[in-house]
Structure formats: structure tokens, C-alpha cells
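Across the two complexes that follow, subunit A remains constant while its partner is subunit B and subsequently subunit C.
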Partner chain A sequence: MAQITLSNLAHTYVPGGAHESDFALKTLNHVWEEGGAYALLGPSGCGKTTLLNIISGLIMPSHGRVLFDGVDVTALPAEKRDIAQVFQFPVVYDTMTVRENLAFPLKNRGLAMPDIQARVALIAEMIGLESVLDQRARGLTADAKQKISLARGMVRESVNAILFDEPLTVIDPQLKWELRTQLKSLHREFGHTMIYVTHDQVEALTFADTVVMMHEGRVLQMGTPESLFETPAHTFVGHFIGSPGMNFFDAQIEGCDAMIYGQRIPLGRRYKSLSGRTQVGIRPEYIQFTKEGGLPAVIKHIEDVGRRRIVHAEVAESLVKVSVPDGYSFDTTMDRIRFNPDKINIFVDGWRTEGEAL
Partner chain B sequence: MSLELQDVSQVVDGLLQIAPTDLVLEKGTMNVLLGPTSSGKTSLMRLMAGLDKPSTGRIFSSGVDVTHQRVQQRNVAMVYQEFINYPGMTVYDNIASPLRLQGQTKVDVDRQVRATAEMLKLTPVLQRRPLDLSGGQQQRCALARALVKGAELVLLDEPLANLDYKLREELRAEIPRIFEQAGSIFVYATTEPEEALLLGGNTATLWEGQVTQFGSTLSVYRQPETLTTARVFSDPPMNSIVVTKTADTLSLNDGAVLRVRNQWAVLSDGTYTLGFRAHHLKILSPETVEQASQAFQLRCTVVAIEVTGSETFLHLRYGELIWVAITPGLQKMAVGDAVDVWLDVAQLFLFDGVGCLVADGAGVI
Partner chain C sequence: MAKTQNNKAWLFVLPVLVLVAFSAVIPLMTVVNYAFNDTFGNNQFFWNGLGWFEEMVRSERLHDALGRQIVFTVIILAIEVPLGIFIALCMPKRGFLASLCLVLMALPLLIPFNVVGTIWQIFCRIDIGLLGRAMSALGVDYNYTSDAFDAWVTLIVMDVWHWTSLVALLCYAGLQSIPSAYYQAARIDQANRWDIFRYIELPKMSGVLLIAILLRFIDSFMIYTEPFVVTGGGPGNSTTFLSIDLVKMAIGQFDLGPAAAFSLMYFLVILLISWVFYSVMVARDAGEEG
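Then we have the complex of A and B:
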């Protein structure tokens, strides 16, 4: 297991590219702790796979260095970096049994047979493969094959890191719950440094201790799932995290109030005079319907998604989404919406700004 | 226009792919086929389209037997998981191509292409080629091609599966509105219960080649007739435990005893399965003690904690069973902690020995 340092790291696929737009990955400096569970989260084309491939050694970065425990590995090819990888589609040897598939990476490294057997048995038990250990991989379902891929990624004890590239994309929703829990217990048990790439916010937030939110080649925020939800560093993070994402309103900020469509909205913090485009961000979970105060809202339609309802409402020219629990009873006299002041975030030109406590 | 399947089944190489199925789909409706991978969604769609012939049964389109009509003779459009467009043509020509094949005039083609492009937010990219577009735009183009045809039956096989989470969210919200305007019969296959709920309309749940239930999406979700349907239409899967009913008590095999609802007391004594959804498994707290006093209370052990920001997913062990509880906000707990949970009796399902629903929160069925 290793601490991973990214030092002035950047990458362009354009030979000699110097313009900012040439860079698939813009300059970043990070230290990822040994034994941490990290998720790289972002839409297609955000640079997350480029970053993963640089860490694994599949891509040599055009700028900067990668260090494992302080040792420069930038020029080291993938096979010499001592890392394990799990991909989106299962990579298994069809003609081998499940046991042989799991043992393969260990045999390759010349481990003693009893050690191999013990390790394979332990991993198979943790990931729920014991009952099929002596079956050939060929006849198994896609789900079972992806379990083999995951197990093979986890089987080696001494790796610098385990990298996962969208490993649950092809898995049925119900099984995802099981596999996520198993990944978490394996992480707790063995303490590997894990890096997990995904576009799926639920997978990222539930897997990782630290989520690295990327957009257009840039890391917008690195933090706990809670911090990305409660205090997104950028409007894009607010939009991307949460389902539905954060609501935004253009507003004038005056001390501890925001003016939205001529209405005064109290804020939980005090702000100095701000210049640039100022916006109020509020999550659908932190809006209530009310009779007085707040902003007048007209309900357009209501989506029933089982455990909650998403109310789509109009506030002047803006559309706003409000989340209410299953079984919530609507009162037509509550035709205004109120924001929980402590849950309001203020953004200037897209970036979150911190206010002072009242 | 309606599509009717009468006793349709399919056997391939001696294996039953689709069990005998009866379904009636009406014009202007959205019909979701919900089930895990390999449950028969694609097979059933291929039978509906006429791409495959059923082994038994007949298919009627507006009362006319079309069982032996090939797909080319039927008025059907399909959209797949992969984004299928003509790469050499512009978006405009891609959308126009089915209309030109129908021999429509230039003016008619233009009017329909522009209207469909507008509906699918493709107007700004009409002159670009599909491969220069984002995945979301490519799939919008494929959807536009399917819609513009004016087909009576539009089949969508996991059309959003290859898109990013956020793009999926955006298109999913638009799809019901777009379809409302089109007036065809829509059939939409998905593995995701949440997607079925967002699409609304009707849902057929599938399990191992069998349609286990068909009805309005919310009614199937709220009142699953079998444990199988409940499991297919629950994400996370529905929690369950086997109980023994004697008179007015339910006993668990660890000796815990729960009083049953008055309405349930009439059920015959025996073994049942109690089912409950993840968001109905609640954590006992000072605020809920009073509510919970009338409820089933159990003590579990935390095996995993997942935080999404707005919610905490607790994976709990009860005896040999693992349950998932979805709780609002951030729960400060650690793996290994004991936690007291409660179940509102009004939110429980009771299934008999063969997995049929016999009672729910409202009473005996």
C-alpha cells in the first residue's frame, strides 16, 4: 500500500500543446493517503480516466510527476508499478475454474501453494464466490464474472493500490448493493489504497471516504461525501451531486439577506459585499412549503418516485425542485417556499464563498 | 391502435425464454418492462416487434392477427442501448431518412424534422454529424429517428444505459413528456426500479421469462402481488424475514414475538414471509419513541454505512439476515454498533408460503 503524490501533474494529448484547452488534465497537486478510499467522479470527458491511467502507468503524463511513497514512478511502466486493476467489463479466463482465476495473479508472483489457497479461500468467502469456486468461469452469469474480476483485483495482499474503472456499470441495481458492501468490508479488512472511477454519484459517495469531483480536466472539489453535498465548492458540484441537483437563483447578497425576485430571504451567515454574478444555491431537500415568507411558488407537477416525491414548481421565471417525503400531504394554502437558512450556499461567478457566522 | 399478446411464449433450443404471456397495451401509453438482466425483456420486445416468432400464442395489432407478419411489414421503431445513427449523415439527414423512405415531400420532411429536433433539443446541432456529438445528443438523435417515423409501436431497450448518470436524469425527465405528444404505444425496458417510477405509465415486472405482474406503475410498486414482484420492483431489494403466525402473534425464529394487526388475525396460522422496504425500516430515536411504541421493534447490528449526503444507507444484520435501511440525513454510527429499529405495521407486506401477497398495511387481501 502506498501514499500517492501527484506533483504539478497535467496532461495533454496534443503534441506540444500549450493552450489551456489542449489539456485533458489541468495542473493538479494532491497527496492521496495510504489506505484511503478515493472516488474520481465526473461526467464523460472530465479527465477522470486520463488521471487513472496516469496513476496506473498506462499513460505517461506530458507534465509533472507521480510518486508512490515518495519514489518517482512517472517513467515506470504499468507492469512494474505493482497495482491491481478492475475494469468495467469482466476480464476472466473462461476455460479456468473460478479458483484458478483467483489464484492466477498469485501464482504469477511465485507465492507458495498453501498461501495461495488460503488467500483465495478468504477472498472468495468475502465476495460470495465459495459455492462456484470449482466451476469453470465460462458458464457463469455476467454478474458472477464481474465478481471474479473484483475478487482478482483484491487477491494480492501487497499492492501499492487497487484501481477500479466503473466496475459496477454492468451490474444489476439489486446486486450493486451487495457488491458495494463487500468492497467496503474488504477495504476495512485489508486497508488497501483504493481509487474508484465513476460517473455515478451514488457509487462515488457510498464507496469513498474522499470524493474527487472533476469537470473539464479540473478537480473542482476534493472532500467527504457530506461536504460535497452540504458545501459544494462550485455550482457544477452542487448540480452534479444530489438527485435532483441543487437549485440556483440569481440574487443580490446584502449582509445576511439575499434578494431574489424582490423578496428578502434570510441567510444563515453574513457576507461582505460581493462582486460578480452572485447566486443562492439550495438543495431540494432543504426547501419547505409555507403560507408566509419565502418566495411565491406555483406547483407545475409532482413526480412520485416511491420513497419521496419531487415537486416541480415555478418561482417567477425560475424552475425549482422540492423534495418531500413519501406520504406528505399537500396543503393548497401553502403556496410559498421557504429555504432553510443554514443550508443556503452562496456562489460568486460559480465558486462558493464562505460567510461569517452570525 | 392496441397491441395484444395472447398466450405468447418462446422456447429456444428446448429452453423456455418467455413463459405464456397475456398482455394488452393501449395507444398513447408508456409500458415499462422491468426486470434484471436475462429476465426476458429483450426477448419479449423482439416478439412484440416481429423480429422473432413466438413458439405459441398470437399477437394482434388493433385486432388484426400479425403473428406471422415480419417486422418490415409492421409499423415499428426501435431504440437500443447503443447509439445507432448513420455516422456519415448530418443529424438533419439522420432524422429525415425514415421520412424520405416513406416517400414524403421535401416540405413535409422538413417540417417534421424541425419539430422533432426542437422537441429533443437538437435544433442547434442539426448540421453536425452524430459522432461529433456527446453521448446524450447521439441518443437524442436516435430517439428523434424513432419518433419521427410516427410508428404505432416504439420499443426502447435500455436506451439510457450507456449515458452518464446526470444525462440519464435529464433525458428520463423529458421522455414521458415527449412520449405524451407522440401518441404511439411505447415499450421501455429497464433494470432499474427508480427509472420505472420516474417514467410512470404502466409496468410489467419480469422474472425468469415470466411477466409476474402488469398494471399502473405505482400500483405495482405499492401493491406487489408476489414476493418476486416486490423484489424486482425494489432498489435496494425488499427486506424480508420468515415468521410464524399463531393467533394474533408473529414469532421470529430467534424467539422475538410481534403482535399482529387486528385485521391480520383472521389469517390462518402458519409460516409467512414478512417484507418491508428499506425506507420503512426506521431507526429508533427519542423523537420516534412514541410512534414506534405501536410498531415492531428489533435490535440489529451495523455491518456497513454508506453516506450520500442527503441520506445514509445502513446495512444491518439481524440474525443471519442482512437488511438495508435508508434513513434521512447523516447517521453517526460505526460498524459493529447495535441499533434499535422499528417497522410501522402499516407499511408491511405479508406473503404466504408460495410468495403470494396475503396482507398489507391496509388489511387482508
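Then we have the complex of A and C:
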């Protein structure tokens, strides 16, 4: 286990690329604490897999350094870094049995046979592979193969970190949930540093203590799932996290009020004069229907998403989504929406700005 | 449930039936006819039962040719398969060099068989051939027209030159289809080069490799043109393989009865071995799907 430090790290796949658009990963400084459970969250092509492969040593970064416990490992190849990695699609050694698959990384590191057997048995039990241990990997289902990949990632006791690259993509939804819980408990039990790449916010928010949100090769925000939800650092984070994402309105900010479509909306904080494009962001969960005050809204349609209902409404020319509990009774006289002032975030040119307390 | 009957549909099958009849069935039945009959000319045939087959099965000449054939096929498979795999592993994976390699490797496969034979026939001649002259100049006692061993070496080298590309290209295609995650996982698992070959590359290309072996087996077991052009089956009978012997018997000596019996048995042997290969491949694929 180790603390992993990324220092001025950046990467371009274009040889000699210097222009900002050449960089798959823009300059970034970050410390992954020992024993943490991290999620790297972002849409496809945002550079999260590149970052993961740089940490594991499969890619040599074009700029900056990677340090494990303060030791520079930038030039060390993957096989020398003592890292475990699980890939998006199952990687199994077809001709080996499941048991041999799990034992393989241990055998290559010269562990004694009894230790290998004990470790393999333990991990197989936790991942749920006991019943197929002596079958050949070739004939198994995609689910089972990915379980083998996961187990092979977990099987080594002393690793600096375990990296997961969207490992549950090919897994059935039901089993997905099970395995995610399993990974979480494995993390609690062994305390490995784990970095989990995903584009699925539910996976990221349930697995990780700290979520690193990436977009277009840049880290937008790093924090607890709660902080990403409540105080997104960038409109993209607000948009990406939550289902549905945050609502945004262009607004003029005047002290502790916002003017939206000519209506005065009270804010929970005071803002100095802001320049640039200013936006008000509010989560669908923090909007209520009301008789007076707020903004006039016309309900367009209502979407049932299980325990909650999503109301799609129109405010002037923009669409707004409001989340109401199941069983909520609509009242036609409640034709305005009110924002919870404490839950309003203000963004300037896309980035969140912190106001002063009232 | 009333079945729709429309006998006109048979008309559509007719062209194919005619084509297959003339291209395969009738010629084959002619051979079968010769195999079971004897004739003293005048197009008069006498039933001979299994006579020709018995004669052929006991024929020392056929035993010798079969023995030579098996030795030849085993030798070229033993050389071309490992060499083809090795070349495929060494070929660059992408870029200009990869394309160049593919073109160069494909070249021998594009040359007509008798041209290959002629090239090597001239190349190896000790009077005017580059290789033959060079060997003589180096003091090597080499002459494929008089020495059986030299003739064999020449034919084997020629076949390896001509056909290793096929094995290499098929294996290369198999290797190219392996996702890079396998190699990355192997690095992280600290697998050595041999392990990567044995546990990743070989299993992943075993399907195409089986096809390559099957093709090389069939082709080499039926080899005719190249040895015929280079050595004509000689010196003596030392490079007379089954096909060459068959043609000698059928067209050289005009022993159509024995030759027909011989070719039927030859055909059945190849069919049998191909069927074994096919069954192995199907069983393997079934195992894959689990």
C-alpha cells in the first residue's frame, strides 16, 4: 500500500504535441492517500483511462512525475510497480483453470505454494468463485470471466494500489450491485488503495469515499459524493451528477438576490459584483411548487422514475426539472416554483463561486 | 397443416445439379467405374470386384510412395508450423513496416506452382543456377539431379519458401485479434515471454493455427507440380510422392484400373484426415461457447 502522488502530470498522445488540445490529460497535481477508495468519474474520452494507465505504468506520461510513497516511479514499467489492475473486458487465461488463473500472479512472484492456496481460496470465496475453481476458464460466462479478472486483481496481498477500469461494464445489473458491495467490503477488510474508473455516477458515488470528476482531460472537482452533489465546482459537474442533473438559469446577481426573467429570487449568500456569464444552479430536489413568489412555471409532463416523479416544466423559454416524491398531489393553483435559497449555487463562466454568509 | 407443394421449385435446383454432375459426380463415377472393372481395350469392361484394390494395397511401390509422402508431409509441417508462428510473432504489429512485411510475405503465395518449381529448378542447377553454382564454389557436394538427399533438401526448402507465409499470415491474423488488455494484464501479473506465448497467444491463435495445419497437410499430401518440375520424382524414385506415382501409373503406363483404385483410396485417406481435423475444430469451438 502506498500514497500515490501525481506531480505536474500531463499526457499527450501526439508526439511533440504542445497545443492544449493535443493533451489527453491536462496538467494535474494530486495525492491519492494510502488506503483510500477513489472513483474517477467522467464521460467517455475524458482521459480517465489514460490517467489510470499512467498510474499503473502501462503508459509513460509525456510530462510530470508519478511518485509512490515519495519515490519517483515515472520510468518504472507496469510489471515493476506492484500494482493490480482490472480491465473493462474480462481478461482470463483461457487454458488455465479458474484456480490457476488466480494463482498465476502469485506464482510469478514466487510465493510459497501453501500461501498461494490459502490466498486463492479466500479471494474465491469472497468473489463467489468457489464452485467453479477447478473448471477451465474458457467455457465460463462473461460474468464469471469478469469475476476471475476481479479476483486476480484482488489476490495479491501487498500491492501499492488496485486499479479498476470500468470493471462492471459487462456484468448483469443484479450481479453488478452485488459485486460493487463485495468490492466495498474487500476494501474495508484489506484497506488497499483503490482507484475505480467509471462513467456511471451511481457506481462512483456508492463505491468511493472521494470522487474525482473529470471532463476533457481536466479534473473539475475532487470531493466526497455529497460535496459533488451539493456544491459542484463546475456546471458540468452539476449537470453530470444527479438524475436528472442540476437546472441552470442565466441570471444577474445583485448582492443576495438573483434576477431571473425579471423575477427577484432570494439567495442564501451574498455575492460581490460578478463579471462574466453568471448562472444560478439548483438541483431538482430543492425546488418546490408554490402559490406565490418564485418563478411562474408551466408543467409540460411528468415522468415516473420509481420512488420519485420528475416534473418537466417550462419557465419562460427554459426547461426546468423538478423532483417530487411519489404520491405528491398536484394543485393547479400552485403554478410557481420556489428555490431553496441555501441550496442555490452561483456559477461564473462555468465555475462555482463562493459567496459570503449573510 | 397443409404443406405447400410446388414442384416447379425443383427447376431452380436443376442448373446446380447439372453443374455438379458434370464437374464432380460424373468424373468421380468414371473413376469408380475404372476401379471395379478391367478392360482389354475396345471399350469392353469386365467386372473385377475388389481386385485392383487388393493389388494396390499389397503394392510395394505404393507403400514406398506413401512412406515418402508421410515423411515429406511430417517434415514440412514440423518446419513450417513453428517457423510460421515464429515469423508471425516477429512481424511488426502496425505502421508502414507491417504493411511491407505483409506484402513481402504474401508474394510467394501469389506465384503459380509450376513457376515456383521452375524458379527453384533453375536456381539450384549446378551449371547455371545461382545457388547450385555457389554451393559448388564453396566446395559443397550438391547436386539434386543425382543425389537423393540433395533432392529432398531442395524440395523441402522450396516448400518452406513457398508455404511458410501461409502459416505466418494466418497466425499473424490470429495474433492481431488479441486485445491489448491481455498483454497489459500479463505485464501486471509479471508473466514472462514464454508464459505470454503459452497462455495468451497460443490459445488465442489455436483456431487459425488448426486451419493452417489442415491446409498445409492437405496441400503437402497432394503435392505434385513443384517436385514434378524440379526433380520429376527422381533421382530414381526417391522423390516420387503419391500424386506423382499416381500420374505415372495412370498416364505413363496407362494402368487405369489400379490407378483408379489407388486414387479412390488416396481420396478417402485425405477425406478421413480432414474430417478428423474438422471434428476437432468443431469440438473446440463448442468448448469455447461453453
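Keep this in mind: the second predicted complex is superposed on the first by the 358 of 358 C-alpha atoms of A that agree within 3 Å, B and C clash if a C-alpha of one lies under 4 Å from a C-alpha of the other, contacts with A are read in each partner's own complex, and residues count from 1 in each chain.
Assume a residue touches a chain if its C-beta (ideal position, glycine included) is under 8 Å from a C-beta of that chain, and two chains touch if they have at least 3 such contacts.
All values reported here derive from a predicted model rather than from experimental measurement.
Peer 1: On subunit A, do subunit B and subunit C fit together or clash when superposed?
Peer 2: Partners fit side by side after overlay.
Peer 1: For A:Q88, decide between first (touching subunit B), second (touching subunit C), both and neither.
Peer 2: A:Q88 sits against subunit C, while subunit B stays out of touch.
Peer 1: Contacts for A:L76 in the overlay, against subunit B (first) and subunit C (second): which applies, first, second, both or neither?
Peer 2: After superposition on chain A, A:L76 lies in contact with neither partner.
Peer 1: Does subunit C touch more residues of subunit A than subunit B does, or is it the other way round?
Peer 2: The partner making contact with more of subunit A's residues is B.
Peer 1: Please work out whether A:L122 is in contact with subunit B alone, subunit C alone, both, or neither, and reply first, second, both or neither.
Peer 2: neither
Peer 1: Using only C-alpha centres after the superposition, what angle do subunit B and subunit C make about subunit A, to the nearest 10 degrees?
Peer 2: Value: 70 degrees, nearest 10.
Peer 1: Touch test for A:L67: subunit B only (first), subunit C only (second), both, or neither?
Peer 2: A:L67 contacts neither subunit B nor subunit C.
Peer 1: Does subunit B (first) or subunit C (second) touch A:T141, or do both, or does neither?
Peer 2: both
Peer 1: What is the contact status of A:M259 with respect to subunit B (first) and subunit C (second): first, second, both, or neither?
Peer 2: neither
Peer 1: Minimum CA distance, subunit B versus subunit C, superposed model, integer angstrom?
Peer 2: It comes out at 11 Å between the closest C-alpha atoms.
Peer 1: Do any residues of subunit A touch both subunit B and subunit C, and if so, which are they?
Peer 2: Shared contact residues on subunit A: 141.
Peer 1: Quick check: in the complex, which residue numbers of subunit A touch subunit B?
Peer 2: Listed in rising order, the residues of subunit A that touch subunit B are 43-45, 141-143, 172-174, 177, 180-181, 184-185, 188, 199-202, 205-207, 224-226, 228-230, 239-245, 283, 285, 303-307, 323, 325-326.
Peer 1: In their complex, what parts of subunit C are in touch with subunit A?
Peer 2: That would be residues 179, 181-182, 184-185, 187-192, 195, 199-200, 203-204, 287-290 of subunit C.
Peer 1: Residue numbers of subunit A touching subunit C in their complex, please.
Peer 2: Those in contact with subunit C are residues 53, 56, 58, 77-79, 83-85, 87-89, 91, 93-96, 104-105, 108-109, 138-141, 149, 152.
Peer 1: Would you tell me which residues of subunit B are touching subunit A in their complex?
Peer 2: 36-38, 134-135, 164-167, 169, 191-194, 197-198, 200, 218, 221, 231, 234-237, 277-279, 303-304, 306-310, 313, 315, 322, 324, 326, 328, 330, 335
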